[in-house]
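Input: structures, listed below.
In the two complexes below, subunit A is the common chain; its partner is subunit B in one and subunit C in the other.
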Partner chain A sequence: MKRLVKMNETYVFVVLALLCLLVQARSGQFFRVYNLIDLLVALIVPAMFALNTHVVIASGGIDVSFPCIASFCMYVVTRILQMIEYQGSVVLAFVMAAVIGAIMGALNGWLIASFRLPPLIVTLGTQSLFTGVLMGVLEAIEISGSKLPSCITSFGLQRLYETVNPENNIITYIPTSLLILVGAVIVTYVILKHTMFGRSIFAVGNDENAALRAGIPVKRIKIAVYCYAGLVAGVAGIVRMCITKFCHPTNLTGIEMEVIAAVVLGGTSIAGGKGSITGAMLGIALITVMSNSLLLLGIPVQWQTFCTGILIIFGTGLSAYQAMRAGKKLMRRTKIQPAEKPAAEGGQTA
Partner chain B sequence: MKLKRIKSFVLDDKNFLGLLGMMLVLLIVISIIRPAKFYTSNNLVSMLSQFPQYGIMSLGVMIAMIAGGIDLSVVGLANLATISAALILQAMIPESASSLQAAGAIILAIAAALLIGLVGGMMNGLLVSMLNVPAILATLGTFQAYTGICLVLTGGNIISRLPSQFGDAMGVKVLGVIPLPIVIFAVCVLAMWILLSKSAFGKKVYMIGTNRRAATYSGLNVKGVITAAYMVSGVLAAIGGLVMMGRMNSAKADYGSSYTMQCILIVVLGGVDPAGGSGKLKGVVTAILILQVISSGLNMFSQINNFYKQLVWGVVLLSVMVIKYLAATGRPSRQIR
Partner chain C sequence: MLDYILRATDIEKHFVGVKALNKVHIEIRKGEIHCLAGENGSGKSTLIKVISGVHKSDGGVLEICGKQVSQLSPKEAMRSGIQVIYQDFSIFPGLTVKENIVFYYQTATGAKWINWKMIRGKAMETMALIGLHLDPDELVENLSVADKQMIAIARALVNDAKLIIMDEPTTALTHREVQNLFRVIKGLQERGIAILFVSHKIDEVFSISERFTILRNGENVVTGDTSELNRENFTSYMTGRQFERDSYVRDVTDNAVAMEVRNLSLKNGFEDISFQVRKGEILCIVGLLGSGRTELALSLFGIRPADKGSITVNEKTHAIRSVNAAMAAGIGYLPEDRLTEGLFLLRSIADNIIVSELDALTKGPGILDEKQCTAEVERWGKELAIATPNYGNAVQTLSGGNQQRVVLAKWLARDMEVLILNGPTVGVDIGSKHDIYHILEKLAAQDKAIIVISDDLPEVMMLCNHVMVMKDGRFIGDFDIGNITAEKIAVMVAGGEKYETMED
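This part shows the complex of A and B:
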């Protein structure tokens, strides 16, 4: 119980619950089945992005290029499938996207690890590079409707559960793609908690030099982290195309801010080495619920960007303030230098 | 004596020398491929009026980066300042306004824009220095918030049909030939030179960027200096925005969205260390000019669409960083184990 009170996740959960209750009280529509399903569907892709961002930030880095990787994979895979007039299973699309995404992620990782460059600036650069290749060289345009490969459309229409809104007879359904998110969460959880690789990610994020001295191959770990992030982003791109049933080359741009904010809100320390998947998922749920419920709250859509910004500032400010106080407390207790990170409990909460 | 000083100004800084070489190569390459189109007075004049807007903004990013942080909110803040100025102009200059009335309104609008830049920069600075929020997150958040306010103010629409007086004022050619934006840019560069090289404040910014803890222990008011650095960045963002508004004669929440990337590219190319603490103004100014030459050079080829520029910026940024790393250490990091 005491541990629960101390955990960051608990606070995020409480805020999320309060927000849900507030929306319910204001509109009376929140806990309707179709609204919950809409939210769940809106959550799938951001949640996958939150997974890869969580892994990257836990390793002490940051990645702002993943929306471009996702768009790139989405578009290139669609084009390849069109070209070979592919009629088979959707699995091939996911595999191709995963491979392309992993290669693009590896480029990030190679630049960051081999040349010791700042991750933010590298990924800003690759973001620009990927967008340039996609829009300039490949001259990407929106693909939609019957032009999409048949496997994408049919997979997008597969559903786990469906319901009809009695007021307007619109069918809402949970697409099978949800299972891919669930799979990704489980795989990432197992990697982070139960493999040498996962534990090394937290070690590198906590203190790179200490990790190096402990015999962890820091460079390889970093490359692998960005590789994995690219892989998940590529798969998420295909998932998004299946859900929305069109392929737009640029409309993911800007989502990186929301995702990073969500992950940090969920308790992943931007300095690395700390945080949990549960927190990241709660954080992204909070942001998604907020931006999808503004209308139900009677707030005009134009306020959405502003609200996200305030949430980022407030959330990061709060966690930075907490870290500062924890640092001071630790200093008083053990009389060590102030800049040492309170590292002892790093990565143990999940 | 004088010659010696010029010699050391150019030769003592390898990074600056490299930039000059790069500029020379670019100009030669262009003169081989497209001399007829590039070296025309029309093109040169249009080049001169294009770079001040993002040039001024990158000066702001520069001081934030020297102080050990980064400012990703400049574009958002620039738009917020210009949209507020545009709304003031629209409200205060009716069709029949006398020139005196118009001048008053323009001064008020500019003052408001600068004030917004100052306050917005202060927000960034306080978040970074007082609350210890990492600069990346703080300025990402404020970027989102400032852009959000822009969207709320404009409803996402473009504010066009600005009173013509402002555009006319920005279009003035000083001494008959020099476009006003260039003069504004030069004034900003001069102010930054005084601030960074000739004032105690500048020395403190470099010190804090080099080693924040050492600066704290030597008794500097670290929080105050960092806040002030971001305020300078905010004001420069607002000035850059005003120049942009003068050129476009309109304001919109997503103008200049590619400038964030471009500013960081300029600053890194110009020799500022992303970890903070070093970087010279002459390098950054040369980098601004180089970017404009590349950009105008690409414009010479009609078959190259605008997105290629993004590709080029990305490649240039990444290769500059890699080359700098290799030049410093001689080889890629060997710690593979």
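This part shows the complex of A and C:
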């Protein structure tokens, strides 16, 4: 119980619940089924991005190239499927996207781990590189619904549950692609929590030198982390195309900062080595609910970014403040003591 | 035949241009507490790293449990039961207590999956062995330094250690924590685990170890039973006997006082410090870490302004509340850690030399005079014989001694009255050490006042006119260099009367 109070996740959850209640109180529409379904659908792709971002940040790195990887995979897979006039199952699309994404992620990881380059710079670079190849070499243009491969559109229409909004007779439904998110969450959770690989990610994020001394293959872990991030991003790209039913080469750009902020808001330490999937999911849920509910609150859409910004600054500020206080308390417990009683241990020479 | 857990013979290790270990040997018996002592730069850390497989030795033989090992990797060292507890403990602050304790075991067994039940059980079991009562689910970052150290010890135990190497384990501990640590160490010994205890604190060596090995300048000085050791020969083994080398002698009693400090105090730092330095004098302040010596230096330089007392430079009293004020008063400071505090490592040598006098090298408002800059850089580069092909190179490309010269140049260029040097020759090779002494002597001859903070006693004896001994934030001794011996200073610094209390 005491631990629950201390946990960042608890705070995010409370804020999220309060926000939901506030929106409900102001609009009376929040807890309507169609609104919840809309939110859930809007959450799927950002939540997958939050997953890969959580893994990367936990390893002590950062990745801003994942929206580009997602777009790249989305576009290239679509083009290949069009070319071969593919009529089979959607599984192939996901597998292809996963492989391409993993390769692109591996490039990030290789540059970062082998040349000890700063991850932000590397992924900023590859971000431009990937978009450049997509726009320049492949001359990507928007592909609209009717021209998409049939497996994509049909998977996009598959649903787990549907309901009709009685006011306007619009059908809202939970797409089957939700299961992909659920699967990704489970797999990532198991990897992070129950495999030595996952624990090593956290160890590397905590202290690279200590990880080396513990016999962890730090370089391999880092490459694997970015590889995994690319894989998830690639799959998320296809999921997005299935949900939106069109393929736009650049409209994911810019989402990376929001996702990173959400993950940090959820308690994943930006310095690495700390955080949980629960936190990351709550963080992204909070941001998504926020930006999707402002209209219900009667706040103009133009204010959306402003509110998100406020949330991020306060949220991350709070955890930074807590960390600072914890650090001070620790200092008081350890450092000051010898100064009060320095006679005892004779000190040491530097 | 005695049972050796580790036997290292004729170990050699070179780093670029420096011989860190020269035919060093050490033998550790099963279940003994062995103390490895030596001053900074004596090769202790290098030797540990060779034993634990972090560094490959360039020569010599390493035997573990009677078996000769040729290429030891950290993982193999761990597998053969050698565990190192580094000064930083190498723990993972963001992970829980239980996971930290069992982590090395996990990597050593090569497990792919995590069994949380096993981890919890093993962690609890191991903590019980050393009488540690911590919540296994607590994050390690929330623990005190002493508890973190216990976690590191527990971690070594899980891995079935036969030899635990502790690198200066008492550095950040309070007296009571040290005693607890010693109790735990004795407990480990009863389990037949050997401990290699690295320290240069005389009290600890006496109270905990049975045998000892002392290194100096990368060579063995002596190995033996601690019972045969006494305070005086320990000191001379540690420091060498070159005390009476040509010391710097200069009569300064008639010179004007350059800096006078009266009743200076800083809470949790030092109390009631008074002294004066004359022009041309080299004053040494000797004290251990935690004696308040660094705090004093920081206060004199305005980084941590003193609470009480006055500082007078050239008969003018200055309120030194900031670094700028200290610099304006004519005080220069060479910090303890030149790498993080004294240099801009990535910037060029030239930039580093002129950084403290930028305001004097301008033509027009805020525009640097390139010609003047180059002239300054060349002047000081030559003066201090900074060895580099190009002053445009980054400072980090230089050796320790040359880096220190750049820091010196930075202050010399500014032409200050009082120069405070905190550990000026730590991590500097012997040749450069003497060059730095020479530079300081030359400065003193030009009537600069110099304050050196050091615990390198031979250096103190050789360099200064006057010694102040600092302990527990106060000056406990004040001697002209002719009236004191290095041995006496060593005993004062270590606080001879304190070591009996360690026994209980």
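A few points about this structure:
Here is the rule we go by: the second predicted complex is superposed on the first by the 335 of 350 C-alpha atoms of A that agree within 3 Å, B and C clash if a C-alpha of one lies under 4 Å from a C-alpha of the other, contacts with A are read in each partner's own complex, and residues count from 1 in each chain.
FYI, contacts are C-beta pairs under 8 Å (C-beta built on N, C-alpha and C of every residue); 3 or more make two chains touch, one makes a residue touch a chain.
Everything numeric in this text was worked out from a predicted model, so none of it was measured.
Legend: residue contacts after superposition of the two complexes on their common chain; A:V137 is shown touching subunit B, with no touch to subunit C.
By the touch criterion stated above, A:V263 is placed in contact with neither subunit B nor subunit C. In the superposition on chain A, contact of A:G215 is made with both subunit B and subunit C.
Of the two partner chains placed by the overlay, neither subunit B nor subunit C lies in contact with A:I69. In the superposed model, A:I57 makes contact with neither subunit B nor subunit C.
Of the two partner chains placed around the shared chain by superposition, subunit C is the only one that A:D207 touches, whereas subunit B remains out of contact. Contacts of A:T195 after superposition on the shared chain: subunit C is touched, whereas subunit B is not. Of the two partner chains placed by superposition, only subunit B is touched by A:S114; subunit C is not. Once both structures are placed on chain A, subunit A residues 212, 215, 339 are touched by subunit B and, in the other complex, by subunit C. If you check the complex, the residues on subunit C that touch subunit A are 39-40, 54, 74-75, 78, 84, 86, 88, 90-95, 99, 103-104, 106-108, 111-114, 116, 137, 139, 141-142, 144-146, 168, 170-176, 178, 200-201, 203-204, 268-269, 287-292, 294, 336, 423, 426, 455, 472-473, 494-495, 498-499.
Here subunit B touches subunit A in the complex through residues 70, 127, 131-134, 136-138, 140-149, 151-152, 155-156, 213, 260-261, 264-265, 268, 274-275, 304-315, 317-318, 321-322, 325-326, 332-333, 335-337, going by the rule given at the top. Contact residues on subunit A toward subunit C in their complex (touch as defined above): 3, 193-200, 202-203, 205-207, 209-216, 269, 272-274, 326, 330, 333-350. For subunit A in complex with subunit B, the residues that touch the partner chain are 62, 111, 113-118, 120-122, 124-137, 139, 212, 215, 217-220, 257, 260-261, 264, 270-271, 300, 302-310, 312-313, 316-317, 320-321, 323-324, 339.
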